[in-house]
């Protein structure tokens, strides 16, 4: 037993499957256990599409609100955004852009990783 | 009666490749199909539709080109009735 | 009026094919078309009647039941049903029937259009 | 009611999901109904990986045997093979290579299409 | 000896994640490791005990039961179970239990390694 | 203790991209991950493994480079025990 730092990666576009929102539900669940694990949320590859500001967050808002209260924001990989021609101005306010090197640092910092 | 390509991911690209060469093709993007690059289709003169709700949910209103006509299920059913459906969804 | 066949291979929840399949059926029935569904592979999970989720009023099985109420025909692949432990669809919503690929072959023969999701 | 010609396309690699074999089961089912529909099997995109001669056909052999008895072979799109650097010499004996234009002819010839 | 946690989000049949998840568990148990599974999303379909398929002797639920017999711990997400109409896992093979995300959080805390499939 | 990337499709490419830059990376291809192009990984000097059964079923013995070491689940578990698992499967 013990507190761990968990990196959760999101790799799929939103809406064709439920991973984009059920991954957030898992993030809330992981942080609210008695061990009080901490999490980072990292959007990679097609996953960065969730970070667009106009994405409908009806299903995910409550999880994001809970996570934001723990100072957990959304980190989107810069290279993935560039590959998809997504400008930073198109992203939601709670999204932080990180480089691939920074993404790698998040992996190294994490005790465990989970992918959705 | 044209060939109506119903296109979703992950393999909708296979449908797009065929529709580019099919002078009788009409394409409808459904679900994650709205993420597909359709510039080749538009360039080849094909009419491309997208399910409005699927574009909106994903926040892609400004990213899916305006040449792609947004439709509801009502219009989608009319297209299905009027054409031969080629499934890639 | 046309007969539209729909082959659905996706289950409820995980992927959203089921929702498009239902939305197309709803719209087609509203226009007076006949709609015949064949649920294949994970598609057979959709009509299980005990689905419940906090804060969700309408579950996939409710949408299936509405389709039946509006006149859609629904047949699920029995081999797929039993593979998944659903015991001949004993917990299916009313009107969702269990059959086999010969029923699908019949839908293919009857339909004016076939949509696969 | 009535006999139809059905084009079944295979679009996914074998083994990560069951579509490669359950699609063949469906093909057998469709052709053995009272209407005696006929089928073409067309491998596109990643689907062409099923046509490699060394693929384990344990799960699919019986369906392929049934279909072969009806003179149904496997058609693989040449462009998809080329994109994946798959040479014709790597393909199984029952695979016929067709061009994208021929694939399009199969679509035009079909009364209905099914994708797996 | 290590404790290996496994998060499985894939159901039986449609995709093959379940098989890799079981194969890793089998091999880990044979080496004397502890293995703890959390079945999430479609992963909760795996332990349904009535699975049958012509010509197949071993079904996914049999593999799950073998894991339990060899000492693996199995907990399924109750919200996912009920969403899918599985009524609290009443038809689960023996030893496959229903819990919730707090159980997964505990597995995360306990495990030396976490594999997600 | 290295970072052990467990890589499958459809999004294993995200893991490969990271592993190429991660000098402490070891990569295991599982299931459809064996279809991934790993030349970048090998070129960067990373050790790449593939689950033998997954390569064989798909008939890829001659297509997955011989620099990719085939392993069974027994060896996979040893790798999991010895390293930190980075999941992309």
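A, B, C, D, E and F are the chain letters, set down in written order, and residue numbers restart from 1 in every chain.
Just so it is clear, contacts are C-beta pairs under 8 Å (C-beta built on N, C-alpha and C of every residue); 3 or more make two chains touch, one makes a residue touch a chain.
Because the structure is predicted, anything quoted here is derived from the model rather than measured.
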Touching both subunit C and subunit D (chains): B, E
Furthest chain, CA centroid comparison against subunit E: B
Most distant chain from subunit D by Cα centroid: A
Angle of rotation relating subunit B to subunit F [CA atoms, steps of 5 degrees]: 180
Rounded Å distance between subunit A and subunit B, as computed from the means of their C-alpha atoms: 30
Distance between the centres, which are taken as Cα means, of subunit E and subunit A, whole angstrom: 25
Of all residues in subunit C, the ones touching two or more other chains: 13-14, 16, 41, 113-114, 116
Multi-partner residues of subunit D (each touching 2 or more other chains): 15-16, 18, 46, 112-115
Subunit B residues counted as touching two or more neighbouring chains: 8, 10, 31, 84-85, 87, 89
Interchain pairs in contact, sorted by label: A-B, A-C, A-E, A-F, B-C, B-D, C-D, C-E, D-E, D-F, E-F
Footprint of subunit D on subunit E - complex, ascending: 13-16
Sites on subunit C touched by subunit B in the complex: 2, 4, 16-17, 20, 23-24, 26-28, 30-31, 33, 112-117
Footprint of subunit E on subunit D - complex, ascending: 15-18
Residues on subunit A engaged by subunit F in the complex (per definition of touch): 9, 11-12, 44-47, 79-80, 100-101, 103-104, 107-108, 111-115
Of all residues in subunit D, those that touch subunit F in their complex: 13-16, 46, 49, 52-56, 90
